[in-house]
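Each of the two complexes below includes chain A, the first together with chain B, the second together with chain C.
What follows is the complex of A and B.
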C-alpha cells in the first residue's frame, strides 16, 4: 500500500489539492480495507501469542495471577515423560499421515478426473468425511473400532482373522486414530490435486498420447511434476494439521488408554484446563510453535532449492 | 506462504500504523467492557450459568422464572454457559480472564480448590451464617466440598453417590440372586462372572480405561472400604498404593483378566451406560443421574449399595456447587439471596421431582412431596439412603486432577494386563509424589 503512495501523491499534486489531505484520504481508504483483517490478526493471533509467551514464564493457573518462574517450565518439560510420549504420538501421526494422504489423494484425484456418469457424486463422497464434524466422526468411529462391540472386529472375525485390541490397546490405539484422522482429512488433498490436474494443459497430455506414452509414463512424467507445487502446499498444510491434532482424541479416547493417544495439543489442553498448570501448558505450546515454524521454513527452503517454488 | 508472512512482519515495523491499529483494538475492548458496567437503579441484574441439559435445564429455567416473579428487586438472567457441566470450566476461565463472567456458575466440587484461588471468586461465609440459609441442614460432604480453607465459595447444587445398578432380567437369566444390601466384593465378582456370556456379547459390568476421572472415582470407595486412602492427611504423599489399594485394583484386574467379566470402556462417551440400557451389562456402577435415562430405555433395573468389605459399604460422593463470582457487593448479595431461595427445601423438592436428583438437605425427606418423588424414581430410596455411606470426598487439593490422571493410567495398565496392581499403583504413586512436591498452589 505504501509503495503506491508516491505515484498517487504526484497525481494529487497535478490536481493542485493539498498533498497532506490527499495522503490522509489514501491512508483512511487503505486502512478501511486492511483494518478489519489486521485487527483480527492482531487481536486473535499476535496478542495471544505474546501473552502466551509471557504466560510460559509463570506458574499461572489462569485463576490467580501467577508468579514469575523464569525458565522453570521449560526445564520441567525436558524431564516430562508424558510430553515425550505426546511428541512420539504426534510424530507418528505426521510420519504416517503425510505420505498416505499425498499418495492416496493423488491417486483418487486421477481416478476422479474422468468423464463418467455421476462423477459429481463420487467426488462428493470423498469430501463428505472432510466436512463432517470431528465430534460425529469421533463418536461414530469410537463405536466402529470398539474392541468388544465394534464392526471392525466383527469384520475381522467373519474373515477368520483374530480380534484386535483397537482403541482399547495401548499399542494399537494411535494407529487407529491415525486411520480415522486420515479418513476425515484426505478428501482435502483429493480436491486440491483434482483442481491441479484439471489445470494441466490438454495439449501436453495429447502430445504425450500421440507420442505413445503409456498411462504410467503420463502419470509419472507429466502429472506428478505438474502438481508438485500442490504437493508442497499439501505437505505444509498436512504437517500443520497433524501437529494440531486434538478434536478426535477428545471424542474417541481422551488420550487413553494409558496415554497411548495423548497428542501435543491434547496435552496442552489437559495442562491448562484439567491440571490447572496453564503456565506449563503455554511452554509446551511454545515448543510446538517453534517446532512447527522450523519444520515449515525448512520445508520451503528444500522446496525452493529443488526449484519447485519460484 | 512463508514469504507473505515475512513481508507482513516487515511492514508492521511502520510504527505509526501499528499504533493506530492498537488504538482501535483498545477502543473495541473498552466498548465491550462497558456493557458489563454496574447499573445504579432498577432491580439488581445477575446472571447464572447452569450447565444443565434436557430435563434439568428446563427445571432450572422454570425455577428462575418463579423466583423473578416473586422477587421484583432482583432479576436473574439464565444462560446455559456451556453445553454440558463438563465444559463449564474452560468457558468460565475464559470469561473470568475477559471480565465477561457470570454471577453464579454450576461447577464440579473437585474444581473448587482451584476456583477459590481466583480473586474474583466471592466469599460467602458471612451469608451462610444467616439462619434463613439453614447451612447445617446441608449434608456434611456438601459443606466440605463448598468450603476451601475455611472460605465458603458456593452453595451446594447437586449431590450424588455411587451405587450398583443391576439388570434384573439378565441376573435372573444367569440364575443368580439379586445383590443383597450386605453383599461383599466376592459376591460382586461372582455375579459379574456368572452374567458374562461371550457368545451373546454380555458382560458382568464395565470399567472405564480412558484417561479421565470417570476411570478413577469408582476406585476410591473400594480403597476406603479396605482401610486405605488417596493421599496422606497433610496431602503431601500418595498412599493409594497401600495394601488396600492393591486389593481394590487387584479385584478389578482379576475380573478383567481372569474372569473377562469387565467390559473395558476406552471411550469418554459413556458407552457403558448405553450398553447397560441395551441389556448387555449385568451391573453398572453409576449414580442417580442415569435413572431417568434407564426409565425411558425401559430397563427393568434394581439398585444396591456398593459391595462391601468387612461390613463397610462406603461410597464416593461428588457434590457440585453453585459458585458465586464478585462484580460488586450488591450483586453478590443478590446472588446469595437467590441461592438461598433455590436451595431451600420447597424449591429443591420441585427440582428433585423433575430431575431425579438426590435431596441436598436432610430436612427434605420430611416434606409431603418426598413420597411422590420416591414413587416417581424407583430405586431412588436406596441411593438416598446411601448418602449415609458417603463419608469422604476426593482430596480437596489443586493437585487432585493431576494425581487422578496418574491413577487413570495405572488402572488402564492393570486392567489391560500390562502391569500387576502393585507395579501400576507404585508407579502412579511415584509420579503423584513428584507432582505433590512441586511448591506453590
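What follows is the complex of A and C.
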C-alpha cells in the first residue's frame, strides 16, 4: 500500500501548472482525503486478521503472549462436542432462516407494491423490529417466550393448548430463537425486494396482464426472475448475518439450556473472554471464517452456472 | 358525488401481519407501566390497570442507567460525526480524484466488509489491552471512526453526482479542500443524512464489542447496562421493560424521523 502520509498542501492545487505537478497534487489530495478513513478500516481488519491466525497456533490466555502449540487447537476442535453442537445450532438457524426470510420478504413486498393506502405505515411496521437493538428485542421476546410468565404460554393456555417449554426447553429453544431472529430481520428483505420490484418495467407487467397472464404466472415468470440479483444478495447477506448470531443468544438464553442455543460466535466469545482460551477461540473463529468463504464462493459458482448472475 | 373507493382487500392480509410484527413493541410499552403484581400474574394481562411508573423509577434511580445512556450518546455521537467527516472525504476522493493506489485501496476496503468481526475481535481486544485503553469509551469509538459501508455509500453517491459544479469552481481557482467544503458538501446533504441515520442506529445498538471491551459499570453503554440490569433484577419485569423502552426510543425516533433516508441507504447500498 502507498503510505506517503501527505501534508495538507493546498499550494499545489492551482490550475495553471505542469502536468506532473498536477499529478503530484492529485496524489497528495487523494491520499489526504481517503487515507485516514481507509487506514482505520484496513488497520482494524487486516492486522487483526493475520494476528488471529497466528493466535490460533498458540495457547494465548489474553494476558500472556502464549506458547506455540502448533495445530493442537485445531486438533482439539475436531474432538470438541460443544463446537459441533454450536455448528449444528448455527446450521439449523441458517437453513430455516434463509428460505423463510426470502419467501416472506418477497411475498410482503409484492403485496406492498400496489396502490394500497398506508404502504408507508406497513413498511414502518415491518422495519421496527429490524432497527430495534438485539438487546431490546432479546429482553422483550425473552419475556414473551418465558416458560413460566410469558405471553406465549398464556395464549396457549387460553386456547386450551398445553403449555410449552419454549426457551427453557432444550428441544425448542433454538427454534424459538430462530423465530425471534426471523422477526427482527425479515423487514430488511421486504425493503430490498420492494425497491427491486418497483424498478420492474411497468409496460412488461401491463403487457402480461393484457395477455391474460394470471397473478401467479406474472409472479413466477416476471417478478421472481427480475429480482433474482436481490435474492442472491439477500442469501449471501443472510448467511453472513446468521453465522454471526450472538446478541439475541446473549440477551435471552445465554447458550442454554444445556448448550442447546450455543452458536458459533457465542462459543467463540465464551472461549476467549470467559474461559480465557483465546488461542482456541481464534482457531474456532478461523474455521468459521474459512467455512463461510467456501459457502459463499460455492453459492456464487452455482448461481453463475445457473445464469443467475449474468 | 365522488365515487367512494373501497379499501383494497389486501389490507386483510397486510394488517394482521403488521399487527403481529409490532404487537410485541406495543406490549413492551404497555407492560412498562404495569406493576410488578400485574406482571407476575399468569397469564400476564395485555392492558395495564393503570399507569404505574415504578418500573421507570427503579431503572432510573436504582441503577446507573442515566450514565449508560449518556455514554451511549457520547459514543454514538462521536462515531456519527467521525464517519460523516472521514467517509465523505474518502468517498469523494475515490469517486473524483485520480491518485496512485486508489482502485486497489477501495477494493480492499470494501472487501473488509466480508471479514466477520468475531475473527478480528480477539486481536482487536489485545491491541486495546496493549495500549491500556480497554474499559474506556475511546475503545468503543476508535474502531468505528470509519466504515466500509460508509465509504461505499459516499463513493457511489459522488460517482452518480454531476461534476460540472465542481469543475466550474476548480477553474475559478478554488483548492480541492475549498471545493469539497463549499461546493460538494452542501449538495451531499441527502447522502450524509442517510449515512448518519444508518451509522447512529448501528452504533447505538452494538452489543458484542462493548460486552468484550468494557468491564466497569460506569463505562457501560445502554445495551450492556440493560443486559446486566436484567441479570440483577430477574423478576422485576416492569423495570426491565421500562429500560427496554428507554433504550429503544432514540433509535425509534431517529428511524421515524429519517426513515426515507434510511431506506434509501439500505437499497442504495445494495444497488450500488
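Note that in this section the second predicted complex is superposed on the first by the 282 of 310 C-alpha atoms of A that agree within 3 Å, B and C clash if a C-alpha of one lies under 4 Å from a C-alpha of the other, contacts with A are read in each partner's own complex, and residues count from 1 in each chain.
By our rule, contacts are C-beta pairs under 8 Å (C-beta built on N, C-alpha and C of every residue); 3 or more make two chains touch, one makes a residue touch a chain.
Bear in mind that the values here come from a model prediction, so they are computed numbers and not experimental data.
With the two structures aligned on chain A, chain B clashes with chain C.
In the superposition on chain A, A:40 contacts chain C only, with no contact to chain B. When the two complexes are overlaid on their common chain A, residue A:102 makes contact with neither chain B nor chain C. With both complexes superposed, C is the one of chain B and chain C in contact with more chain A residues. Once chain A of one complex is fitted onto chain A of the other, the partner contacts of A:242 are absent, as it touches neither chain B nor chain C.
In the superposed model, A:157 lies in contact with chain C only, and not with chain B. In the overlay built on the shared chain, the residue A:174 is in contact with neither chain B nor chain C. In the superposition on chain A, A:227 makes contact with neither chain B nor chain C.
Using the contact criterion defined above for the overlaid structures, shared-chain residue A:189 touches neither chain B nor chain C, since it reaches no partner.
Of the two partner chains, chain B and chain C are each touched by A:273.
In the overlay built on the shared chain, the residue A:52 is in contact with chain C alone; chain B does not reach it.
Superposing the two complexes on chain A places one region of chain B into the space of chain C, and among 40-48, 94-102 or 382-390 that region is 94-102. Touching of chain A by both chain B and chain C, each in its own complex, is seen for residues 2, 31, 38, 42, 47, 62, 139, 143, 148-149, 233, 250-251, 273, 296. The part of chain A that touches chain C in the complex is made up of residues 1-2, 8, 10, 13-15, 25-27, 29-31, 33-34, 36-38, 40-42, 44-49, 51-52, 55, 62, 108, 111-112, 114-118, 121-129, 131-136, 139-141, 143-144, 148-151, 153-155, 157-158, 183, 187-188, 191-192, 195, 230, 233, 240, 243-244, 246-247, 250-251, 264-265, 268-269, 272-273, 278, 281-282, 285-286, 288-289, 292-293, 296.
Contact residues on chain A toward chain B in their complex (touch as defined above): 2, 31, 35, 38-39, 42-43, 47, 59, 61-65, 67, 139, 142-143, 146-149, 165, 167-170, 173, 233, 236, 250-259, 262, 270, 273-277, 296-297, 300.
Those residues of chain C that touch chain A in the complex are listed here as 7-8, 10-11, 13-14, 17-19, 21-22, 24-25, 27-28, 31, 39-40, 42-44, 46, 86-87, 89-90, 92-94, 97-102, 104-105, 108-109, 112, 114-127, 129, 142-143, 145-148, 150-151, 170-171, 173, 175-177, 180, 201, 204-205, 207-208, 211-212, 223, 226-227, 230, 237, 240-241, 243-244, 247-248, 251-252, 255-256, 259, 262-263, 266-267, 270-271.
Against chain A, the residues of chain B that register as touching in their complex are 1-2, 11, 14, 17, 20-22, 24-25, 28, 89-90, 93, 96-97, 114-115, 117-119, 201, 203, 209-212, 215, 263-264, 266-269, 271, 275, 280, 398, 401-402, 405, 408-409, 412-413, 416, 418, 440-441.
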